[in-house]
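Got some structures for you, see below.
In what follows, chain A forms one complex with chain B and a second complex with chain C.
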Partner chain A sequence: MIRLDGLSKDYGDVHALRPTDLQIDSGVFGLLGPNGAGKTTLIRMAATTLPPSGGSITVCGHSPVRDPVAIRRMLGYLPQDFGAYPKLKGREYLEYVAILKNLRHPKPQIDALLSQFGLSDVAARSVTTYSGGMLRRLGIAQALLGEPRVLLIDEPTSGLDPEERARFREYLMDLGGSRVVVLSTHFVEDVAATCDQLGVLDCGSLRYHGTPRELIERFQGTIFEVSVPEADAAEKTEAWGGSVLTTRRDLDARVVRLTEDVEGSCEVAPTLEDAYLALLRS
Partner chain B sequence: MRIQWTMRPMLHLAWLEVKSSIRRPIWIVLAILSVLLFYSASVPDFEPSATRSLTGIPHFPLVSLGEWGRLPLLFGGSVVGAIFALFVSLMIVEAFHAELSHRDVLWATPGRGGLATTAPRVLAITTLATVIIYAGSAAALVNPENRQILVAAGGGYVPIYFALMWLQVLVWSSLSLFVFYLTRSRWITPIVVTVLSGLWFIAGLIGYPSSLVGLLHRSYLAWNFISSFAPWGLAPEMLALQAASYAGLGFLLVCGSIMIRRRFPEWRHVRQPVVRAALVLGILCAAGTVIGGAGVLRSHMAPFRLGDPRFDATGRLIQQSYADRPYIWSGNGVLLLYPGSYGAVRFLTGEEAPAWLDEVADGREIRLYEEAGSMIYMREGAIYSRRQQSIVLLLTRDAPFPAEVERSVARIREQLMPMLNRATIWHGGTKLYVAPPGMGIDSAEAVTDGLVISSREVLGSITRDSVAWALTEPTGLHEPERLYLYLYLTAVWDEERTEQYLDQLRSAACGDYELQPSSRRYWTPPVPRWDISWGTGIATRIVDHWEQGERLGHPEYIRSLVKEVAGDSA
Partner chain C sequence: MRKHLFYEMRLAVHPAIWLLPIALAILRLVTSGSLERALGFFEFVYPLLFPIAVIALLRREKSDRTFEVLVATPYRKTPVLLARLLGVMLPLFCAVVATVSLGNWLSVLAPGVLLAMLALVTGLVWKDEIGLAVALGWWAISFAVSFSQMTWGHHPVGSWFVLFLLGSGLSPEAIMSRKLGQMAAAAMLLSVSLLVAETWPRLLFRSRHEAS
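And then the complex of A and B:
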């Protein structure tokens, strides 16, 4: 339902998104990549807020350039820098967005969304008093107003505490179904927990497109784990260089995962994070 | 059904904007400022022939609800307008700066912050600011100086005046939006709007005194010189055109704001054909009505019919001239009089009225009011001369007064005129007049055949007592004698009180009652030097004068008193 044909975006000499082909169908699609990979650029082009430099993009058959209003009518969008209209209360803000979306009789929907995202109790409070998590929940609620066919969610969990992130993932899991949900994030756990399909962007290029399982399978047999004493950890990880994926502490030792079979290491089943990092390193 | 659906969300959006604006503190400052300004200053009567109208807000009292309704409008045309513009601008900037916090959401909606979402918010803030200014202006009504003479007349005009003020505020708010999208600065915008509003006012003071543009500008500042005598303005069609041009200007500035923000990357690809069409409409409306207004003013200029004016042997201009209807403005933009059928002539400043004036008056009693001065160039043979001339209006005594000033006029006729008539005794028979408000008369010298008391002085907070006391001043008598005259004057409207005063004076003369400042509640003539020591001798003198006056007849006795003083001074 979202189709990219050689879509690109340049800011002068900087290639924010290199020519990309991609097809995103219904379900939750995770757009994974480090900061500056071009995720937000892609999302904003799909949201009609940024014109492409080259190629084309269609959302449910409509071009954001030629027919942006048709896309906006079926769109729910939670931007990365979501800020609600200050001085409005939670419910008023949703009423405001409902007007912008030309919704008739939005009250039942607003009530349901406030309840669904645990905001009913604070609906009469000014949004300026909301915590980061509450603000994000309000953001997803406004995006869902009008029951959009396409939902674009940009970095919804960044800045949230672990509990709020876990809670948010639960919301995201229920959002798929018949609609297209594009979730842009740099948290692998978010994608692992919620996405049916996955795209990995790096430096403006699409490095992978498929299911999370396929990505994990691609790196099956290439991920190793070794435990080294804490005292030697710095020296050894430096020696292994670019093959190190992650390190974690385990009592007096450090457990290192890497893409190289080194002395004392053993092969392990890759996680999505391993596969993602290995992809970026490859 | 389609219209209902379109209007409902826009009204809801406006209501949300009102609620969010109320949660910002700017409106409270505007409200406090309005209360302070309107409480301390009353109606500024905009009379371009009187320089005070433009140099400051005179402290004139309200006389009617109509004047209260005009009050914010006239304030808006003064320097206070720049202050109001500042706060309106702050309200707009605060509201639209907040838009930046959720702009991505806004841009991804079908309307995308276009005219349908921007206009209701501007209109909401405009309405809120207008309500605040009008609510603040109600402070003028609770000012005791105003309340004591306030009448309900003219209240029917208030909704119209409110609508006109709303349009004025719309211009400020839409200008603020335009400057905000032009500069994208929440700090520069209020400064620019305030400076522009201030310049608009100042240009009316100093600019182009003898041109149609100047007259048009002043007419805009003064809402076509609306007053109790001309509640729809001097030319109602001009008032309507001004209102339409403000609406057009507001429309074009709002549309212009939406267009101008397209220069920023995020708005660049927003195609807004409706806004473009509305912008063109706004430009046509604003420009058309301004041009139309200029045409209306031109058609209302008094066309003086003059032959070849010339001087007689004594240097007097003998050529008779008339101002044709509607006689509203002279060519140099000076306001002559409120609309009506009046004759007007002009002759050289300082000259006595020419004999042919009786002919003009057509047997009716006339009063002459000097309204404006101008220069004329004349040619006598080979000699050119440049002389100052006056434009003089003739107002017949039976000219009607509008309902708004009826009570004041009744007060003049019933309470002040009888005193004035009595005071002619020591003015050598010179007739004394009270000029009605709105006549543009500032000084007693304005009337050639008598002394005029400016109505503003007697209609305002100055009491009848103080007028009576002031009338005794030209006699040159000492204070006890002036008090006698004062008692004689005030007896005409309150004989009982005069008797009460006399009883107190008699008691004081017998030493039974000490007349001193502490007893002022019983004895209230507005004698300026009240702290002088009042002995029995002074009380005796006043009582003696009164009794002599009773015996000989007050007019005769007063004449002899005044003559005595004149003889002494000679």
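And then the complex of A and C:
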């Protein structure tokens, strides 16, 4: 369990995370928010790499400030800016991380992880030859070494192509169970596909905490859809301003989803993306 | 433990650096030890290599984007840093051994080790760029003092702060005591750097981005 009590982080005058209370239990927890919302800051404080400015955070009862090593013993961490030592091969990198995690006889576990993440064939290759997707898979494999009780995964799918992202989501779905998994992302689809609970961060403030379904229900009856001719689309969307959530092209028309009941619109069932965007606009 | 040391040595430096001591050793054999005549040159040049190598070690952890995983592991960071320092210093030490005779090792090694440790501590506590700038600044001032043969270079007190003393006119005993002083200061700085090493990746991290 991860518990935040008034946790905050400031960089000079910039409030990266405003005082936040939150409890994250076992299962996959999605931390959703736009870039600069404070997701990575929160993850780094839980991962013991960044000290908080105020409040407190405990990971399974341990403070990252007073007892970081106790947390690191039960932690798997995939940072947003993950890199592997270019001098090492894939298997060697996992062996090295296993040493840093004080694992005895890690070979069977390394073999299993390489196989699970489709890296067995490239394990003997230098990590410099890995694609972005392969490097992320190596990253998640190193995070899972030692079967950690707490798994912190920061933006695992950004920069991946759609096929690799879909594949990565499948991996993430199976990670929950009895462990605490925190998945930070700005992709709503990642959260929709993998998370039991989610928190929405915006400008350093926690705007929502609950299940994805509850967030959708909150905006039930407030989302509308209207189809406008392509020629009028720019003018109309400008007039509707901040109530526009998403637009998509449909033949010669533009389908606009918005939080306002405008002429010709009809009420629609909100998706998680609608609810998330409506929350940010509210 | 042995496996860990092996990995750290590999991560510390590119194996090609070992070509330097090997080439110098061959050169020394071929020239029948006449490299010794360039001792004054080596006293100036070698100390530049040490801090550059140490700062490159710190910077690599950043440029390879590997430090966040390192910090989040329970392994103590002091042995990691110590092993990597060993990996960096060993080939340079061998280069000195291959170049100059036993009696002159200290003259060439001491300023290099001192500047390396100064760069390390400053780099860990502040930023690696500052560490390198402080070390190179001291090197440049010492070079200027020695080159222009300022009185400072053989002043009883001032000479303790000058790195290059072979041409200073000081007695061999006085030079030896100052070189030993440089090594003692380097040992003290190493101790400080090992004390702060537990927060090493966090310190590295600080000089990168922050808010996201």
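FYI, the second predicted complex is superposed on the first by the 282 of 282 C-alpha atoms of A that agree within 3 Å, B and C clash if a C-alpha of one lies under 4 Å from a C-alpha of the other, contacts with A are read in each partner's own complex, and residues count from 1 in each chain.
Heads up, the rule we're going with is that contacts are C-beta pairs under 8 Å (C-beta built on N, C-alpha and C of every residue); 3 or more make two chains touch, one makes a residue touch a chain.
Being a predicted model, the structure only gives us computed values, none of them experimental.
Undergrad: Overlaying the two complexes on chain A, which is it for chain B and chain C: clash or fit?
TA: Taken together on chain A, chain C would clash with chain B, as the superposition shows.
Undergrad: For A:V14, using the defined touch cut-off, is the partner it touches chain B, chain C, both, or neither? Pick first, second, both or neither.
TA: Second partner only.
Undergrad: If we overlay the two complexes on their shared chain A, which of chain B and chain C does A:T49 touch? Say first, second, both or neither.
TA: Both partners, chain B and chain C.
Undergrad: With both complexes superposed on chain A, which partner does A:Y96 reach: first (chain B), second (chain C), both or neither?
TA: So A:Y96 meets both chain B and chain C here.
Undergrad: In the overlay, answer first, second, both or neither for which of chain B and chain C A:S126 touches.
TA: first
Undergrad: Per the contact definition in the header, classify A:K87: touching chain B only (first), chain C only (second), both, or neither.
TA: After superposing on A, A:K87 lies in contact with both chain B and chain C.
Undergrad: Is A:R104 in contact with chain B, with chain C, with both, or with neither (first, second, both, neither)?
TA: Touch status of A:R104: first partner only.
Undergrad: In the overlay, answer first, second, both or neither for which of chain B and chain C A:P79 touches.
TA: After superposing on A, A:P79 lies in contact with both chain B and chain C.
Undergrad: Tell me which stretch of chain B runs into chain C once the two are superposed: 63-71, 153-161 or 189-197.
TA: 189-197
Undergrad: Enumerate the residues of chain A that count as touching chain B in its complex and touching chain C in the other.
TA: Touching chain B and chain C on chain A: residues 44, 47-51, 69, 72-73, 75, 77, 79-88, 92, 95-97, 99-102, 142.
Undergrad: How about chain B: which of its residues touch chain A in the complex?
TA: 5, 9, 12-13, 16, 19-21, 23-24, 98-99, 101-102, 104-113, 117, 266, 268-269
Undergrad: Write out the stretch or stretches of chain A touching chain B in their complex.
TA: Interface residues on chain A, with respect to chain B: 44, 47-51, 65, 68-69, 72-73, 75, 77, 79-88, 92, 95-97, 99-102, 104, 126, 142, 152.
Undergrad: Looking at the complex, which residues from chain C come into contact with chain A?
TA: It comes out as residues 3-4, 7, 10-11, 14, 64-66, 68-75, 80, 201-202, 205, 210-212.
Undergrad: Can you list the residues on chain A that touch chain C in the complex?
TA: Its residues touching chain C are 11, 14, 16, 35-36, 38-41, 44, 47-51, 69, 72-73, 75, 77, 79-88, 92, 95-97, 99-102, 139, 142.
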